[in-house]
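In structure tokens below, several structures.
Each of the two complexes below includes chain A, the first together with chain B, the second together with chain C.
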Partner chain A sequence: MLKSLSWRAATLSVVLFVLFVGAWQLATSGGSTALPPGMDPEYAKLLGLGATQGKSAMPTPLEVGAKIWGHLRDPFYDRGTNDKGIGIQLAYSVARVALGYLIAVAVAIPLGFLIGMSPLLYRALDPFIQIMKPVSPLAWMPLALYTIKDSSTSAIFVIFICSLWPMLINTAFGVASVRKEWLNVARTLEVGPVRRAFTVILPAAAPTILTGMRISIGIAWLVIVAAEMLVGGTGIGYFVWNEWNNLSITNVIVAILFIGVVGMVLDLMLARAARAVTYPE
Partner chain B sequence: MSTFRNPFSAATRFLKGCVCGRHASAEDHQRSMIAEAVEPPLASDESRYRRVIESALMRAIFPEDAARRQFLKAVGASTAAAALATVLPIGTAVDAFAQGAAVEKKDLKVGFIPITCATPIIMAHPLGFYSKHGLNVEVVKTAGWAVIRDKTLNKEYDAAHMLAPMPLAITMGVGSNPIPYTMPAVENINGQAITLANVHKDKRDPKQWKGFRFAVPFDFSIHNYLLRYYVAEAGLDPDTDIQIRSVPPPEMVANLRAGNIDGFLGPDPFNQRAVFDGVGFIHILSKQLWDGHPCCAFAASREFVTTMPNAYAALLKSIIDATNHAQKAENRKQIAEAIAPTNYLNQPQLVLEQILTGIYADGLGSVQRDPNRIQFDPFPWEGFAIWILTQMKRWGQIKGEINYAAIARQVYLEADAGKAMRELGLTPPTGTKSIVVMGKAFDQTKPEEYIASFAIKRT
Partner chain C sequence: MSKGYISIEGLARSFPAPSGSGAATTVFRDLWFAMDKGEFVCVIGHSGCGKTTVLNILAGLDDPSAGVVIVDGKEISGPSLDRAVIFQGHALLPWRSVLGNVAYAVSSKWRGWTKQQVEDHARKYIDVVGLKGSEAKKPAQLSGGMKQRVGIARALSIEPKILLMDEPFSALDALTRGTLQAEARRICVETGQTVFMITHDIDEAIYLADKIVLMTNGPGAQIAEIVVNPLPKERARDSFHKHPLYYALRNHLIDFLVTRSKTFAAEIAAKAAEGRPHDARRPPVILPAGLEKPITTLNGSGPAMAQSA
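Showing the complex of A and B:
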């Protein structure tokens, strides 16, 4: 039954995909190849196909496919400061996200532990966390640029600040809601505070902490594209901006697909990790 | 300009007066000599530099001009040149001269916005003008004017492509912290246009534009001031009768297509791109408002200029050299090809060619020919700065008393540009620039009277 369900789901996915691409192809193809009546050929030569043949600016799925193939065939070329292959751009973005995210992990988890274990700190810091949490990470950008005075560090800072809050809150929450019975057992066995933290609280809170980390990586990947569009230079966000500059919708669509795939991979990695620490109660 | 005369010619006199007695002055004599093709005009940079060096050497060897001429008469010019070359490595000296003094920092970063105004800054990279002057410059594409300003203020860039009013605004601290800034060279003059959406083909008179929404690249841009000037001349108040927004140039075409704006006064390639994509038409070129207006500039902080004078001088020379190359019509096609790739402008070459050659489709069905659509002229006239300051004051961006001439002199470095031009063997212009905007002359000595003469203003 389960097998046939996943089979049916896969078939439905394929059907939906084919329908979508078919509709896309129908909507974007067409347009005549003849010049509009009365247009001077010399004048027409100076214009793009959009102006002379009414060709839609939206590419057909075939054009997008060809572009993707073109990028995949040579993903790591380097033709100067402002023109690098999509593989290099993605690597830049992933490296930025990884760096900002790891710093956030290093800060959020110990701090979350402290907050979770002390009800006083929990209550005292709560208002600050609640105010900082909903701030859009990009709102930090001008402030970061002004104080840090370096655009790539600013981008990493923005990743750090946006991935901090979900992890902090989840860690604190996970640590605070470890079942009292377990802590009491530890106390009756006279387990020291450090050992208690590592052998009782950490495993108990791990699933909640991992959930926070998974939320954070999703946000970090969302934000890096926007941050790179703003500061430019390198990264997939810069690639999108640069192609938008050229009004190349084809390349923008390609970039969207690549961003989606990388985001999915990052999320899958943390989902795996979360499954590894889950325990049945 | 005796520096460029042949020092091996006995007929050349370094001192004042004419050698042959037929002409009133040495300059007249020189001009007629060139006209008579006695001495071919100096074409290449190499030969220009060579002349500068040789003249200096001959002056050093023969402080007495009469002695030099006697010597040349006795042995002949070619013998003298050969003799001098065996003792002194003129070739090496020419190379060293072209590269300037030892630069403090060879690897420089220069930011640019991908528009045709940045042509000299960009093309100096693929066409080798930076390396010719002993620099290794990385040209970095940047997302917008505010970002390029911040990155330059943060010293991520050593120098940058900016809009001509920006160094003035930064120096005065309008829109950012006050930081002493300089503008030693203009990039381009002209080269902008007002583009309107296709639906407005019947509204060619600005008096019909009430309620229009326009985009300009930045608040502190010549585009903003020219658009305001233009609609104000038609009797519309740019603050209440129309809307003007700051929109990054690449978004202008997308917004025009989506109908979010009715038009824009923006930089190329986006005017031509709007025509190319069938989104809009070119209503008027900015040169028809003010022929020879400055647009974009090469800007550097005062700190860079003073702490790294040799790197600054070499960079300025590369830019002026490139600007001079870009100005020549015969180079324009090659430049369009050099700056079209993704690494630079990332635009179709056909669009860039139309802009640079001035043979372009106007979006109304005809092909226009105007070789002066965009021009490249590096000289940063102080008059330009004063005009821009009057408009900043006119529209309320700056308030109170302003010492127009002092700010202009501090930011627009006429002297530095002139020095670099002379070292490149070019002739810097002299005097003051005559400025005529929409038929009205501007007297740079009377800026306050100029502002007072406008009916629509925010003072």
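Showing the complex of A and C:
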């Protein structure tokens, strides 16, 4: 039953995909290059009508497919500032996300531990966290550019600040809500505070912490595209904006697909890590 | 009062009123009670009389508002590896295997031991509770009874001076409970373990205990009396209820829980009027009415025996 369900779901996915591509093909192949009646084809060519008339900049699926193939065949070429392979651009973005995210992990988890263990800190820091959490990370960009004075580092800072809150809140919450009886077990066994933190609190809170980390990586990957559009230079966000300026809708569509695939891979990695630390009760 | 192995002296616990105004609630007050090494003591009373609080104080997880607990000649302060707790809800760490849970306790007690020593010791106690072969399982893969066996193995593995049990079998179905009670008794008798157990199950108390402490209703609960269990030390789970003394004891306990636990204050007043005031420091140690003397010699002689009224 389960197997047949997944089989049916896969079939439906393929059908939907074919329908979508078909509709796309129909929508973009319309608007024929037919010339106004009675016009001499040579004259029309002279006017440039044959090249543009009725033809949208929106590519057909086949054109996009060809472009993807082209990018996949040579993802790492580098022909100057405005012409780098999509692999290089994605690598820049992933590197920025990784750096900002890891710094956020290094700050959020120890700090979240402290906040979670101390009801005093929990209450004292709560107003700040609640105010900072809903701020769009891009709002920090001018402040970052002004103080850091380096656009690439500013992008990393923006990633750091947007990854911080979900991890901080989840770590604090996970640590604060460790079951009392598990802590009592540690107490009756005279387990010291450091050993207790690593053998009881950390494993107990790990699923909640990993959930926060998974939310954070998702947000970070959303934010990096926008941040790179602003700071420019390199990265997949810059690539999208640059191709828009080149009016290469094909490349924009290709970039959207690649952004989606990389985001999915990042999420899957965190989901796998979360599964590894989850315990059934 | 003769100092026992464990001595509870003038213990009281009160909680401040929830809103901050009004009088504090005194759950229990002026508890005096001693038990000897190797004794199995059950405390019964209605919920709200502070049984669990007494156990938590003994475990060092809670602090008394007044009074002290002395174990083996030393006043307790905080939790200790000398006093193992079997929790009501088993409290196993779900991310650790059966062996991991027991080994965690063992390595907490003997910090210098090698991994091999810790595991060997843990396996020994997993064997004692009959879980050989399930060492690698996670608690979620075990039935309720098996989980509680792991809890017992964990508590026994640190070889405590006292075992504290907080209604350990109350969450189990009747059949499993019976089996586990029998095993708990066998293990405790074999090892000469001193046990302090909370229960609200009269049959459980009769089957397991050498002495049964009766607490009056809270707030302001007291120890009403200490009943000496007249059943022989050798009792079988399937036949102890046919013992000729069983019903006398059971009726006495039920009478207490149903009526006397509520009206104990009046009972004290009546006795005081007769010139026999209730002395909280020496709660009467009694045999149920109709029994002349205990069938077996009881180890550990408490304060003077008195016949129940």
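Here is the rule we go by: the second predicted complex is superposed on the first by the 262 of 281 C-alpha atoms of A that agree within 3 Å, B and C clash if a C-alpha of one lies under 4 Å from a C-alpha of the other, contacts with A are read in each partner's own complex, and residues count from 1 in each chain.
By definition in this document, a residue touches a chain if its C-beta (ideal position, glycine included) is under 8 Å from a C-beta of that chain, and two chains touch if they have at least 3 such contacts.
What you see is a predicted model, and the numbers here were worked out from it, not measured in a lab.
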item: Partner chain in contact with A:E42 - chain B first, chain C second, else both or neither; value: first
item: Which of chain B and chain C A:L164 touches, first, second, both or neither; value: neither
item: Partner chain in contact with A:Y146 - chain B first, chain C second, else both or neither; value: first
item: Comparison of chain B and chain C by chain A residues contacted; value: B
item: Touching partner for A:R187 - first (chain B), second (chain C), both, neither; value: second
item: Partner chain(s) touched by A:L247 [first = chain B, second = chain C, both, neither]; value: first
item: First, second, both or neither for A:G232, with chain B first and chain C second; value: first
item: First (chain B), second (chain C), both or neither touched by A:N82; value: first
item: Footprint overlap on chain A, comparing chain B with chain C; value: none
item: Residue ranges of chain C in contact with chain A within the complex; value: 59-61, 78-81, 83-85, 87, 89, 91, 93-95, 104-105, 108-109, 138, 140, 158
item: Contact set on chain B toward chain A in their complex; value: 114, 138-143, 147, 150-151, 154-156, 250, 253-254, 257, 273, 275-278, 341-344, 346-348, 350, 354, 359-361, 365-367
item: Residue numbers on chain A that touch chain B, as the complex places them; value: 38-40, 42-43, 46-48, 50-52, 54, 57, 79-83, 145-146, 149-151, 229-233, 241-247
item: Contact footprint of chain C on chain A as seen in their complex; value: 179, 181-182, 184-185, 187-191, 199-200, 203-204, 277, 279-281
